[in-house]
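Note that the chains are named A, B, C and D in the order they appear, and that numbering of residues resets to 1 at the start of each chain.
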Amino acid sequence: MTTEPAASRTATPASPQNHALSENHASLIVQGEDRTGIVAAVSAVLSGHGANIVSLDQYSDDPQGGAFYQRTVFSLANLKAVLPTIERDLETELAEGFDLGFTLRDMSVPKRVAVFASREDHCLLDLLWRHRRGQLPVTISMVVSNHTDTADEVRAFGVPFVHVPTGEMGKAAAEAEHLRLLRGNVDFVVLARYMRILSGDFIASLGVPIINIHHSFLPAFIGAAPYAKAKERGVKLVGATAHYVTEDLDEGPIIEQDVVRVTHADTVVDIRRRGADVERTVLSRAVRWHSEDRVIRTDNSTIVFA
Amino acid sequence: MTTEPAASRTATPASPQNHALSENHASLIVQGEDRTGIVAAVSAVLSGHGANIVSLDQYSDDPQGGAFYQRTVFSLANLKAVLPTIERDLETELAEGFDLGFTLRDMSVPKRVAVFASREDHCLLDLLWRHRRGQLPVTISMVVSNHTDTADEVRAFGVPFVHVPTGEMGKAAAEAEHLRLLRGNVDFVVLARYMRILSGDFIASLGVPIINIHHSFLPAFIGAAPYAKAKERGVKLVGATAHYVTEDLDEGPIIEQDVVRVTHADTVVDIRRRGADVERTVLSRAVRWHSEDRVIRTDNSTIVFA
Amino acid sequence: MTTEPAASRTATPASPQNHALSENHASLIVQGEDRTGIVAAVSAVLSGHGANIVSLDQYSDDPQGGAFYQRTVFSLANLKAVLPTIERDLETELAEGFDLGFTLRDMSVPKRVAVFASREDHCLLDLLWRHRRGQLPVTISMVVSNHTDTADEVRAFGVPFVHVPTGEMGKAAAEAEHLRLLRGNVDFVVLARYMRILSGDFIASLGVPIINIHHSFLPAFIGAAPYAKAKERGVKLVGATAHYVTEDLDEGPIIEQDVVRVTHADTVVDIRRRGADVERTVLSRAVRWHSEDRVIRTDNSTIVFA
Amino acid sequence: MTTEPAASRTATPASPQNHALSENHASLIVQGEDRTGIVAAVSAVLSGHGANIVSLDQYSDDPQGGAFYQRTVFSLANLKAVLPTIERDLETELAEGFDLGFTLRDMSVPKRVAVFASREDHCLLDLLWRHRRGQLPVTISMVVSNHTDTADEVRAFGVPFVHVPTGEMGKAAAEAEHLRLLRGNVDFVVLARYMRILSGDFIASLGVPIINIHHSFLPAFIGAAPYAKAKERGVKLVGATAHYVTEDLDEGPIIEQDVVRVTHADTVVDIRRRGADVERTVLSRAVRWHSEDRVIRTDNSTIVFA
């Protein structure tokens, strides 16, 4: 109930244009060994092409010869036409001049993602709903599940749902099917409470980043049934962790974490309910940041320019 | 991705039995002037009938002659049969002995609620989804809206959707229609980002509690467009407030509030997105607590035994 | 800067009467197997003596034959005189009638505490400062340290400082000295970032509760140098845990926890600084709650009626 | 209690070198109308002098011709010698080339601050203690108070304490005395719960930034006694706001805010205690950020590169 009765007639609150980045914007990630003059070299190339720097974040883990990370978003009227030239110039300046790696991406082309789920729907639905609301600048190419419980719901969002019954097929056949579906079709994968372990071979063969949501504050309660363990240990907060998947279970680089307070009076069911709220929030942040090139992966951690 | 592949075959995570209170449980709210012996009198009546006290919360705003508030949940094998007798005994002990008011309720009968919405769907869908997930012990009798945007979505949850076009009908006719729909059919009403102001007459005629979600940390930013005002004022946190509706706009007793951090870099659209997450969380807590008789209204505030 | 210039002349903000509980108040903790009628029996005894229940918290971990916990605070005009009789009556009603354990305590007599510290002063000073401000209803009998760094500061608060140089004396001699100082003199001990491990024998011989602050969100980062480990693991939140000390290092029942956000840009020094703020907050809450009989210890966890 | 008994012998945890910025580091704040090439121009000047950019934060409130803000920290071996030349080059490039304003500061020279207090000591002591611990890169030139309550404590930190009895002297004479003490001696002033209102004339005459801590979540509860008002209004969170002082009471640009949860059971005294913890945290963050040139003031808000 508010004082603005007229507003509801004209406003379009669920417009898909919530994320500002789009037409004629590009992101540039630079990383490598820190040296004097990198920021100047990058910005000289960009301003040489008339690009306007919209945002710039920079981090050096040690000013004396540590690692250098920079995220730059810039806009340019005829971006698509000029991007190849900018890339070539950056190649010359950064890769040859400074021995730095870089990634340049046209932000008007959303990343394509497949979401994996099992029976729990809270993380999956939250992603679908945020996407529809215009809060996730991605294309959700498909939802893959080892169960059919969420099929109708997913299709109601206009997203393809594919059932891959890993239990019946066996793990090897299921992973082969997953590869067939995903390869060439997606830029990253999100495990939205997918209750199956991916093999190291699958992760290597797939070749795109995989983001998982783990229902504990890692590294506490690694492995199965973390909420039950949390109850048993008598902790006063439970949490969730979004991380990149590596071969080592629950050990990959952490993207985001958050926690919520619980008390002695909360049963495991209560804790699971509170935890589910944190899981969907944390996962949606991680997916959003990854979609906007805000996360740089290092050996065992991440740089997040949120 | 977890270590428990087998779990997904047998678990029924979306079971509607998440809230423990149900069969053979009753809630008892007692309030009035504090005096020695109230707790003893209440518990004597309950144990006299063989009831087991499951939880008891008590609060006195001033031990020397202030106001007394108590919430007791108890279980009893044949509750429905005995409840009238317990009520009569409490009447004798509390109302006559101590001049206290009390409310006794069979918790196996969920409260009936109507949800009002306009175009924004985040609060509405969150309530529907939590209800389906078994986290809100209510019956959602209907959704009423002055727009048709959310009709399909609501009906997909198996909940009746009623369109009352207040703009076309005019406020008086619309409120008459609302009364016709609601009276006798619901135990409370939730305004889930309903963008129309209810008249004092309507509130009085309806005669059941109305819970509203206001998209600011009240009393800051009363009235229209709070997020735009928050951006303008340069605040570093934005919030949401769930409160009971009274004739005084945005002034009713507060049930719950929460906030989220924003920065100078957040646009009004970003702030609205962050705020929406808080709104749905705060509203769902308030509705849950109200459904479980955890909120006692005082003059201009609330006692919340959360 | 405020609008109330006159207030500062009369207000006594640092008055030691901040905690309301004092004269003529007692706390009663009851625990044991849950059965019908316990609350009624307890409140009948209290109201039989004319006591007024100021607050009552109750928790059963399973309404069907689980464990029962109740904290009651009551006031009574001539409490000291009547307390022995109440205790005798509770003995009859609870211990004999229900086979329950109980603890009755005159809250006007503050618990006596010794604080152990090493070189870090943030937790120690925060406790001393809160105590002076009237926020901790305890008597700080002494501060014991294996270093002399904080001696002047502690004595400036009017609290005895005792240097026990464990490094020079050896652990056995130091613990003997600790026992000589503490036994009979304190009701509990607080380890305010005390950097020595207590032996199981010492803990057993001392015979009073010991509260420790651990500088991580347990069970994550058990053991030494948790902040450095947290940096290495790339976590996005760091925390602190107050727990009762048992023979198993960092495994005792948790009283309170909290966390604070960190980013990739925080060095270990930054993390330590942020963590220190959480440590002192968490420890002060735990000490306050323990002082007010709000914490009931169970096997490996705690019930906290905060 | 930890596993690292040896650590305490060698560690120097209270070392004043916690803040990394010092020798040979400078900060550069640039602000003005956004145009293509600013970042390139700034970094070209810096790298032209061999400076290494340690951190760079940039923000444009509207990429199409809005306002541009940039904070750069750079290091250079012989900074002091080269700084005048860099300043002259920036003058040429930025002020003349782009019509931008800029501020260049040698970060090895800490800002000088005077802290004003009344009787409440929590914010004052926290600043003194953090300063001693090496967490605030400032020189605390003096503490000024209209009361003598905190004199001993302040002097124990080695900081001059000056009593200016505004009540006896009258406001005009007191402000004249304040000006005499401060002018030329301090770079900014902190009001650490100073309970007197400063006149507009004084603020103008002083000519350096003044940071105040207000004990509410502004703009809620402007003016006197905010905690009492919060209790009355039944809010579920209370907060604190650090802001720059302007002639309009409690209306200046907000630097930082935070909140803490309260319940119906908290008395005004309890709320004040909880609020005090937030006040000191919020104020210390604001002072730290201001000291490190992380806060850029705009018309009625702030850009905070935290």
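Definition applied: a residue touches a chain if its C-beta (ideal position, glycine included) is under 8 Å from a C-beta of that chain, and two chains touch if they have at least 3 such contacts.
Please read all numbers here as calculations on a predicted model, not as lab measurements.
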item: Chain whose Cα centroid lies at the greatest distance from that of chain D; value: B
item: Fraction-based call for chain D against chain C, same above half, different below; value: same
item: Computed distance of Cα centres, chain D from chain B, in Å; value: 42
item: Intercentroid distance (Cα basis), chain C paired with chain B, Å; value: 35
item: Where chain A touches two or more other chains, by residue; value: 55, 59, 265
item: Chain A partner contacts - residues on chain B that touch it in the complex; value: 1-5, 7-9, 11-14, 18, 20, 55, 118-122, 125, 129, 133, 135, 146-147, 149, 156, 166-167, 191, 194-198, 212, 214, 223-225, 245, 249, 265, 267, 269, 272-273, 277, 281
item: Chain D - residues contacting chain B, complex; value: 59, 61, 217-221, 232-237, 239, 253-254, 256-259, 263-265, 298, 300-304
item: Touch list for chain A against partner chain D, complex; value: 34, 36-41, 43-44, 46-48, 50-60, 63, 75
